[in-house]
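Here the chain labels run A, B, C, D and E in written order, and each chain numbers its own residues starting at 1.
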Amino acid sequence: MIDVRNLRKSFGTLEVLKGIDLEVAAGDVAVLIGPSGCGKSTLLRCLNLLETPSAGRLEIAGRKLEFDGTTRVPERQQAEFRSATGMVFQNFNLFPHMTVLENVMSGPLLNGLKSKAEAKKLALALLDRVGLSQKTDLYPRQISGGQAQRVAIARALALEPKVMLFDEPTSALDPELVGEVLEVMQSLARDGTTMIVVTHEMGFAREVASKVVFMEGGHVLESGPPAEVLGAPRTERLRSFLSKVEH
Amino acid sequence: MYEFDWSVVMDPQLWLSAVGVTVAYAVVTSIAGLLIGVVLGLALVSRIPVLGWIIRIYIHVFRCTPLLVQIVWFFYALPMITGWTLPDWFAAGLGLTLYMGAFSAEIFRAGVISIEKGQWEASTVLGFSYWTKMRHIILPQATRRMIPPIVSQAILQLKNTSLLSVVAVPDIMYAAGGLTMSTYRPLEVYTFAALLYLVVLTPVTLLANRFELKH
Amino acid sequence: EALWDKIERTGEVTCGGIHSYKPTSFYTGSDLVYEGYGPNVCRQMVADLSKEMGKPLAVKWHETTWQTVVLDLQAGRIDIFPGMTATEERKKALDMAGPLYRMTDCVIAGKKAETKPTWQDYNTPDSTFAMVTGTAQTNFLKTDVPEAKIMTLKEMSESVMAVQSGRADYLLQELPICLQTFSTAPQVFSGYTVPTPPAGIPAAAGLRKDGDGRLRDFIQKWGEEKRADQSIAPLLIEGFKAAGMDTTKIPEGIEF
Amino acid sequence: MYEFDWSVVMDPQLWLSAVGVTVAYAVVTSIAGLLIGVVLGLALVSRIPVLGWIIRIYIHVFRCTPLLVQIVWFFYALPMITGWTLPDWFAAGLGLTLYMGAFSAEIFRAGVISIEKGQWEASTVLGFSYWTKMRHIILPQATRRMIPPIVSQAILQLKNTSLLSVVAVPDIMYAAGGLTMSTYRPLEVYTFAALLYLVVLTPVTLLANRFELKH
Amino acid sequence: MIDVRNLRKSFGTLEVLKGIDLEVAAGDVAVLIGPSGCGKSTLLRCLNLLETPSAGRLEIAGRKLEFDGTTRVPERQQAEFRSATGMVFQNFNLFPHMTVLENVMSGPLLNGLKSKAEAKKLALALLDRVGLSQKTDLYPRQISGGQAQRVAIARALALEPKVMLFDEPTSALDPELVGEVLEVMQSLARDGTTMIVVTHEMGFAREVASKVVFMEGGHVLESGPPAEVLGAPRTERLRSFLSKVEH
């Protein structure tokens, strides 16, 4: 489903990704962990072209792109490539001037993919799935963070992406609200959605991930099944990281 | 000691029509200027290469030269150079309009770039085209933030309308000048004129303040 | 297009009117639209031009201000404006025809100052004159009353305020303006005089430089004739009367 | 067709002194106005009950009436009413100063309240007195944010200096007016005057933009 | 050391604290837990008069205040009362225009309690204690969140307060950085500093607290030693809260 080869990304003279290789099969849940600044967000943003990689190859759901530092992908092709992925941000980024329902409808509707009635039907189904069928007419400021994040997930799902990308989806939430979002993500995983998740929730990684990837300084240091990577870290760096994160 | 004689300003007919002219010019040139500002602001935000520079120069020139000279230019210089005479009311308003346009392009640009990066990214990720983003996501949010600076600018615009009196547009200051010459009571006349501006502008500022408080 | 040809073609002459500047020019809205001696002179010129051309000419009015009358002439919004002072420098920018008449200068004194009989009496650093930018009277003061201080302002109304507020002592103006000013606002001033020896600046008509000069020459000749037989005087006096002035107050022996 | 004759503006002596007067008035009244703004802004922020209202009314009146009338008031009306004549240069600058004061009080207030609540609370918790907080914590941060709006206002102030020509201050527009009357070449003269403003203001805006970018 | 009796606080018509009783002995570490919006921050802010209580009695280190809804404590008395407590915020609130050292010196120096040399000596000692003697000349923007929070702790300690108040001191930090701040707090506890800590770090509560207080809707629902409160919750509400927070 996803195949990343030797992906590099520099900001000016700062090389943030130093040749990343990553494979994620359809239906897999890959959890990305690593210290702050190691490039997790940058990697995720490269996958949907929010950042243009400096070098390397990307393949997602059969669409391929190759980069050599001068590549400029035309707008249309970018949009097409992007349509394979849905992304959920740390800060939800709901549209504050739209209701919950309008937020979820916005993707299919504003892209002209569905009629208003169809988009509404789909949105209502998705909101039901994330447990928010009661909140459709509220505005983002009227709901809790956990609910907002679930709306953001529904909004991304409305475009029926092949892969869902999550960038620390629970780290802006009150601890009591984290559970409800993780639960929704777990149910997506059960339904076979391919996902890449950046998170510090080790419980989620252990229970849900089919693959854990540990990044450090722009490299992938370790990757494999959670039992292996988390249970028996091979590098000192990962051992110390895990001990810190789990206090 | 000067003895005030306020009876000289008691000419409701004169003032009413002067206030009408002032307000009409202020409103029309503000709206027209805003439209120009929207277009130029959008062009600035979208970073079209050469056009961006031209617009920046336009904004700079209109912000940094006296409005009076701009008015004189459009009223007199344009027809002299092009031999192409605009209707008086139009030529008179053109300078004011372009002045407002320059300032509101800036306000507009600032409003758009003040929208959080997250909103841009979320809409990019949803695959929206540039214009869809602008129209449905960014502009609805930016507009609310632009209202207070736009109102301030419109207030200045109303006061700047007084410069039109040099091209014989019968606004409040023109009426005041005339009345001064016929009564030699500049103190009473100008003070009363200032009061008229205050009366027109007070409700506008109160409304604007209320708007600002909501945010 | 030459002014002459344009007038002949359209059958119209645009005169400039100033909204409130009694008795020189003021808006009445009646059939005449503008009254005062300036408009009177302009109307008479058009009437005589009509005879010369042998076809009826209509007078059109365009409102202007002292600050922009030059621009209005140059931009072609006004064809003729009588009442400007010709200088060599100005003739490079506008065509000037005249002199048409001459207004004697007078001095109005503010409340805290007193009028004096001769120009020499005013020639001290204690006299401050509030003048309007670029008027010929300012130049007269500089050359003939060099000791006096001059405060130059943009408009007549500002000069009046300067005297009212005591920032200046005197106004130097054309006689009719003195009369008018004094009768409108007697409480502001202590009096006015025509200091001796009488001085005055001839007034000309301004026209756009059209590189042709037929109209200018016509007005030039018109002015010479009118001044020679003083048939210009009634036009001026009528203007004073229209402004409500008491023309009997005009001192004896004043020529125009 | 009008034939331009730019030789009439070739009077470096005249323009140099006019630019000097303009810049001097702009700088001095801006600084004096800023000082007033600081004091009033502080008073506004500290919410002294009656004083707050008086200051708000002052700001409102000076923002909503034409600067021209304000200048006329201090130059002509004050002596007429009080019989008490201020020196010319002072009376001329007073209106401009108070105008700047009104606008900068607002800018100042906005700058202070833009500082995050956390900074206020952290300093309260450390037991700082009101003035210690202001002087050492809030003002150093607020000042940096106030620079861009202050510069914009100073630019407007420089252009507004042109209104001083009504009280015979020989600034750029006054010089332009005089030259116009002696040469009857308003178009050349005013255009050149506008150019002078542009020349003076361009470096100021460039500097201000650079400052803004840093934030 | 701290004695709170029947403390109430309303914002307009919203009563946030509905009669809180709380005793903390000298040297004790009290951990406050409870769902978002239950009034934890408000209680802490009442203790140093950042909010003026509507009713009740406060006693800290021998200084007493009584409130009846109209009480206005004069500035001087407020400052005096406040000097018994030091507070650390979620967002650090360091002064951005001062270096790390200047931040720590600011309390004694700007209050005129110490000479510059003395203040500097004290600040250096405190920075050493929180493990930051290498960072004295950096500005807040140049250090990590964990370091910033340790500076904030040192800054509060510089006024030698009787009680330290912590309002979610680690919740704005990257998970990897949480540990270093908790460690500093633990060392303070070992040295016998009286502390009240609002936190969601259950590990810290379990190991360091001498008392855990569970708040809900403006009331104290349960309080006692951590083993009791966390190990054997008496109310259903606390049980469900704990299960959510610990996923």
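The working rule: a residue touches a chain if its C-beta (ideal position, glycine included) is under 8 Å from a C-beta of that chain, and two chains touch if they have at least 3 such contacts.
Keep in mind that this is a model prediction, so the values were computed, not measured.
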{"item": "Labels of chains that are neighbours to chain C and to chain D", "value": "B"}
{"item": "Chain pair whose interface holds the most contacting C-beta pairs", "value": "B-D"}
{"item": "Inter-centroid spacing, chain D versus chain B (mean Cα positions, whole Å)", "value": "19"}
{"item": "Inter-centroid spacing, chain D versus chain A (mean Cα positions, whole Å)", "value": "52"}
{"item": "Between chain C and chain E, centroid-to-centroid distance (C-alpha), Å", "value": "84"}
{"item": "Whole-Å gap separating chain A and chain E, where each centre is the average of the chain's CA atoms", "value": "35"}
{"item": "In chain B, residues with contacts to at least two other chains", "value": "2, 72, 76, 80, 186-187"}
{"item": "Numbers and ranges of chain C residues touching at least 2 other chains", "value": "67-68, 71, 74-75, 155, 158, 161, 164"}
{"item": "Complete list of chain pairs which touch one another", "value": "A-B, A-E, B-C, B-D, C-D, D-E"}
{"item": "Residues of chain C defined as touching chain D within the complex", "value": "67-68, 70-71, 74-75, 87, 89-90, 92-94, 133-135, 151-155, 158, 161-162, 164-167, 209"}
{"item": "List of chain B residues in touch with chain C within their complex", "value": "2-3, 72, 75-76, 79-80, 85, 165-168, 170, 174, 177-187"}
{"item": "Residues of chain B that touch chain D when the two form their complex", "value": "1-2, 60-61, 63-70, 72-73, 76-77, 80-81, 83, 155, 159, 162, 173, 186-187, 190-191, 193-195, 197-198, 201-202, 205"}
{"item": "Partner chain E, residues of chain D touching it in the complex", "value": "116, 118-119, 121-130, 132, 136-137, 140-141"}
{"item": "Chain A contact footprint on chain E (complex, rising order)", "value": "35-36, 144, 174-179, 182, 200-201, 203-204, 241, 244-245, 247"}
